[in-house]
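Note that the chains take the letters A, B, C and D in the order they are written out, and that residue 1 is the start of every chain.
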Amino acid sequence: MRGREVSVFCIPMRGPGDTQGLTRLIEGGRLNPFDIVAVLGKTEGNGGVNDFTREYATWSFCAVLAPYLGLSPKEVDERIAFVMSGGTEGVLSPHITLFARKDAAVSHGGRKHLSIGIAMTRPFRPEELGRAAQVEETARAVRSAIEDAAIAAEEDVHFVQVKCPLLTAERIEDALSRGESTVTKSGYGSMAYSRGASALGVAVALGEIAGPVPDDAIAKDWSLYSSVASASAGIELMRSVVIVFGNSPATSSPYRIGHAVMKDAIDLASVSAALLNTGLDLQMMSGEADRRRIVNIFAKAEASPDGMVRGFRHTMLDDTDISATRHARAAVGGLIAGVAGHGAIYVSGGAEHQGPPGGGPIAVIAAEEP
Amino acid sequence: MRGREVSVFCIPMRGPGDTQGLTRLIEGGRLNPFDIVAVLGKTEGNGGVNDFTREYATWSFCAVLAPYLGLSPKEVDERIAFVMSGGTEGVLSPHITLFARKDAAVSHGGRKHLSIGIAMTRPFRPEELGRAAQVEETARAVRSAIEDAAIAAEEDVHFVQVKCPLLTAERIEDALSRGESTVTKSGYGSMAYSRGASALGVAVALGEIAGPVPDDAIAKDWSLYSSVASASAGIELMRSVVIVFGNSPATSSPYRIGHAVMKDAIDLASVSAALLNTGLDLQMMSGEADRRRIVNIFAKAEASPDGMVRGFRHTMLDDTDISATRHARAAVGGLIAGVAGHGAIYVSGGAEHQGPPGGGPIAVIAAEEP
Amino acid sequence: MRGREVSVFCIPMRGPGDTQGLTRLIEGGRLNPFDIVAVLGKTEGNGGVNDFTREYATWSFCAVLAPYLGLSPKEVDERIAFVMSGGTEGVLSPHITLFARKDAAVSHGGRKHLSIGIAMTRPFRPEELGRAAQVEETARAVRSAIEDAAIAAEEDVHFVQVKCPLLTAERIEDALSRGESTVTKSGYGSMAYSRGASALGVAVALGEIAGPVPDDAIAKDWSLYSSVASASAGIELMRSVVIVFGNSPATSSPYRIGHAVMKDAIDLASVSAALLNTGLDLQMMSGEADRRRIVNIFAKAEASPDGMVRGFRHTMLDDTDISATRHARAAVGGLIAGVAGHGAIYVSGGAEHQGPPGGGPIAVIAAEEP
Amino acid sequence: MRGREVSVFCIPMRGPGDTQGLTRLIEGGRLNPFDIVAVLGKTEGNGGVNDFTREYATWSFCAVLAPYLGLSPKEVDERIAFVMSGGTEGVLSPHITLFARKDAAVSHGGRKHLSIGIAMTRPFRPEELGRAAQVEETARAVRSAIEDAAIAAEEDVHFVQVKCPLLTAERIEDALSRGESTVTKSGYGSMAYSRGASALGVAVALGEIAGPVPDDAIAKDWSLYSSVASASAGIELMRSVVIVFGNSPATSSPYRIGHAVMKDAIDLASVSAALLNTGLDLQMMSGEADRRRIVNIFAKAEASPDGMVRGFRHTMLDDTDISATRHARAAVGGLIAGVAGHGAIYVSGGAEHQGPPGGGPIAVIAAEEP
């Protein structure tokens, strides 16, 4: 049967402009640059409005890939889905996870393996961010990405990453100058709205909630959420990129993906459940061999909006020195790194409508054999 | 046999000036204010040089206790050992752990229970901080506190908390004006020196290392460390307060203390070992009843000085926006809170000579019965 | 003629709990504690939601004044108007300006001198902050304070300081639990709403704008503003304190007050105009004697909401590491300190509806003789 | 007479990767890219160790110039002296000042005009930073740059910009692994040492102080300083770039440069003196036409190391939330922008040995005609 082979590479970075690991993979013949479909990175910025490490890293990778692909850097950015999530607080370690795929024969065993699909939304106008228009357009792109991944059943979708735009003072002024109003006047605040609308788009596409979602439910009605959505807002683009991860019988990769939902920021039981869902076991994690089967863990973290974690007050939302997303990434990153055995994991901040309030989805990609 | 009864209360705080929980305990007849010997708190400041939440909380408790004890607030501060550690990053929750003791008959069973002892150093001059003079005077105070706790064997000492001074621009100028030089001209940097010298004082007192320790080993030779020392630097005092925790046959409390040493910031296995050492079990932690046996967990966190955690680069030491101690507390706090089931735990930053580089001691106080 | 004598003292602070300067004034017989009516302070916190230096300083002054006045600290807080503005960024220096007044004979010269009046609002509910209810109740208190100051004409009012509440995660939850909604869910964001509503209350009371002000103009319609209002939000109270400063023929103080309005954050010409309005001259400022006539300068600073200062982009609003109010205080503080010759000036952040967008009122209190 | 024509362009940036202003100049025929010799920029990072906006901006300009110059981006970086100073706190506005020069006939009038010269040091090893080796090699490069600028007399040198390296955790480890020790183990702290050594190199080259400078005077003996040195540390290079600005009879530009030394961070009189030295007048600054003669102002800012500004305590050095360099840039930027009339000025933090303690050099480039 014709299908696709999917490869995954986890590459440490020594700075947001460090592309040496990627170059070595290509020069060493281990990676055909034409097969690359997506790059999910953690870069060492503040993860906020003025985090330029995301666009710097994206442009560095585009520039280094351009000659290999015979494209301009801008064309590389249009060909490959780059999702850079800023913020490596605490023990988190800057790195990228690179996904490649190519056509290949797939055995008829019927066993499902890691598959990946991509789609993009149209560019958004500043006044659309955080509103129903963003939800609907995102849902459309998610459905398109599921098809691209050759995933047949919605329950085989385990992680949907959306990279979405944010507002800046300049973009807000642009909307105002055209007589439009934006959902908020705060650049930092807009990141929450945009992530929230993106996650609701995933939830609608997967039938987790019924659409359409009204404007005033976004970043407000926390009972609406997706169990597999992960959204990151970035200053460097005005459209969204959607990447769907799941298991498909049409893929021949040696990896599987599983997931669970953390109910709050300290939900160790759900970290363990996500491992189990992927075929791993927390107890096994003490052995190095088993630990190495983990390719990466993808999780969303947020400060619980009611100011409490299991009945105890947290101070993340009232801290004027450090943004709540940085606090949350550091704490959840510490917990998951403790389980994974290292900090090169993808913990992304701001989990609005991504899992229940204060919690978030957690997905694990693991090799089937040690 | 005559001995002492030790009580422990863990009280959430709604702000650094919130003393209502303490007042309720006293007014409800559950705590005799004359029995209070020590208060270890986590306050919601930055934990750095200009963290005034520590002195604000101390003064608030002194002021509220003063009329009960018939003392001035300043006299209360001299009677009770207050150790406020600033920084409740991530899921950490502001709270105090209050220790009380009184004379009581102790059964002849010989079983050891939680005991506590206190001592103070003489006031230090700015130029003594981070140098041999601080190590030696701290060691003297530790020995005095062990005696006060009626702990016979050094292996029964499980946690030694030292609250030590730091340098400010003003104190550095004071030394310079007298023709003396301080160990550093950075206020923030002085906190590391002072914590380091304090921890080495504990190590010397317990025979973990051989003294005397030369000036140039402090905050430099990381092979020297204590497995039970925890030091916090604060702007509000120029002498150190030492509190020794251990198990003693001369105590009748229903609590026991145990400890382990985290080898690095993600050492989940040692968190588990500390629970075991106290008679608990990580697996049991999934049950609420067993979790409630934990009274508190005390741990030190620091950014690994070589810039790596298990072979992966961390960015804590190169971050000019957030101090490394804040990063480390957030990450280690997230890990331990995941095990403890809540964030009202005592995770303190800056573990110089407290455990191996990048790691730190972790102690658990637990009730013997659920 | 019967009138009042007003005294002003500017006292440096070595920390938010430092009350020694005040004690010395009282013990030295230079200040009768019963005459104190208001204290405006700059404390060295972040000026944001979790700036506890404001309440710590207030608490410290109340505690030290309590025995002198034969009151409890809480009663002192109700008797004297304490306004602590957090944030001494850049060259700003922590200090308080203390105002005292007592009955005295006033000569019939008719010349006007510095006068001061105080009033308080009723406590606000969380859901009232940033809305019309806050505007109206503040306006009522301003009129009452003008009367208290014995100022006859509105043009003799030169500075109106309002200390107003802010929202915290807890207060927002409180409103939600009663079925009410707050104007924002962001604690930091609520400070802008509360300051804005307070300033509009001043504008309404002085007839600078016509009332009533609708909810949706607050923190939105920047064409509405007061030229003399200064509002600071603080976590420590739920009612507002209003202090009116102006010149009155019924006062015998050796001081005068004048003001101007800075059009933007770099409006040196208006700093100069404020000096002129008070009887001083920028050119004279080079002489030490003339400089010493300045008792204090009171100014509001804010990041221009359109992201520009005189056609050049600023980055204050897009900075996730440092809040915009801290940026603005540092910059405006640098400019005014350059003119005043020192940094012990009162520059307070967040000038919503206080002067035009990006600008703010500036008032100068000066001695009539060098 | 043969000489050189010097041009200067001040170009706003909308982000650290924004090169559109430069492209427009070239495409519009106003700038020949082969004439560009130096670019001094202010980028919107934190100006600290992990400020990647500096290298991102440099990289972006190199990439856009590469095809024009027929070079690789790396070769562009070697051809043109890029000095990016991070940190646009307060009203400071991101921009670059671009200097171009070409051979041209110069009239025999003998009047001196703005001239510029460039030189580079050899690459430094981590252990050389902040020590005598860096001072000496920098002095050598300064003398070479003066010659390149065709400046005959040392008093015609008005500003010497040095871009120097800093230490990172990785570089410190590198030195340690070779058995060498670095001057400090703090990345942020190393910036002060490297800037200090660079400034002393300028002072030695210009005869402002006598060499050789011993290791232990660097960042310690503040009586040694240069009145025209400006040093910025950046993570992106391990050698230093030196740019000398002065007036030369061999130049035909329509600009002149002058300077003064700010004695402290609020020294308005010296800002005025720098204008005068360049042929401008503070009083004239109120007129727009005169203001437009200012091309740019270059100044160094730092927190006074004794913790005081004119007898009043500042809090910059004890702030664990915001680094002292950010505080100082914001304050001094506010003062100078108030005089210049806009924030697109070059205020750079960390003035160790650049002017007296707490002060710094200030240079003005102005057009001779309005």
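The rule is short, and it goes like this: a residue touches a chain if its C-beta (ideal position, glycine included) is under 8 Å from a C-beta of that chain, and two chains touch if they have at least 3 such contacts.
All values derive from a computational prediction rather than experimental measurement.
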{"item": "Shared interface numbering between chain B and chain A [over half = same, under half = different]", "value": "same"}
{"item": "Pair exhibiting more inter-chain C-beta contacts, B-C or A-C", "value": "A-C"}
{"item": "Whole-Å gap between the CA centroids of chain B and chain C", "value": "40"}
{"item": "Whole-Å separation of chain centres (CA-atom averages), chain A against chain C", "value": "46"}
{"item": "Residues within chain D bordering two or more other chains", "value": "14, 44, 46, 50, 170, 313, 315, 321"}
{"item": "Residues of chain B defined as touching chain A within the complex", "value": "12, 14, 44, 46, 88-95, 265-269, 271, 286, 309-316, 321-322, 326-328, 330-335, 337-339, 341-344"}
{"item": "Chain A residues within the chain D interface of the complex", "value": "14-17, 44-45, 50, 52-53, 55-56, 59-60, 63, 170, 235, 321"}
{"item": "Residues of chain D touching chain B in the complex", "value": "46-51, 168-170, 173, 185-189, 305-307, 313, 315, 317-321, 323"}
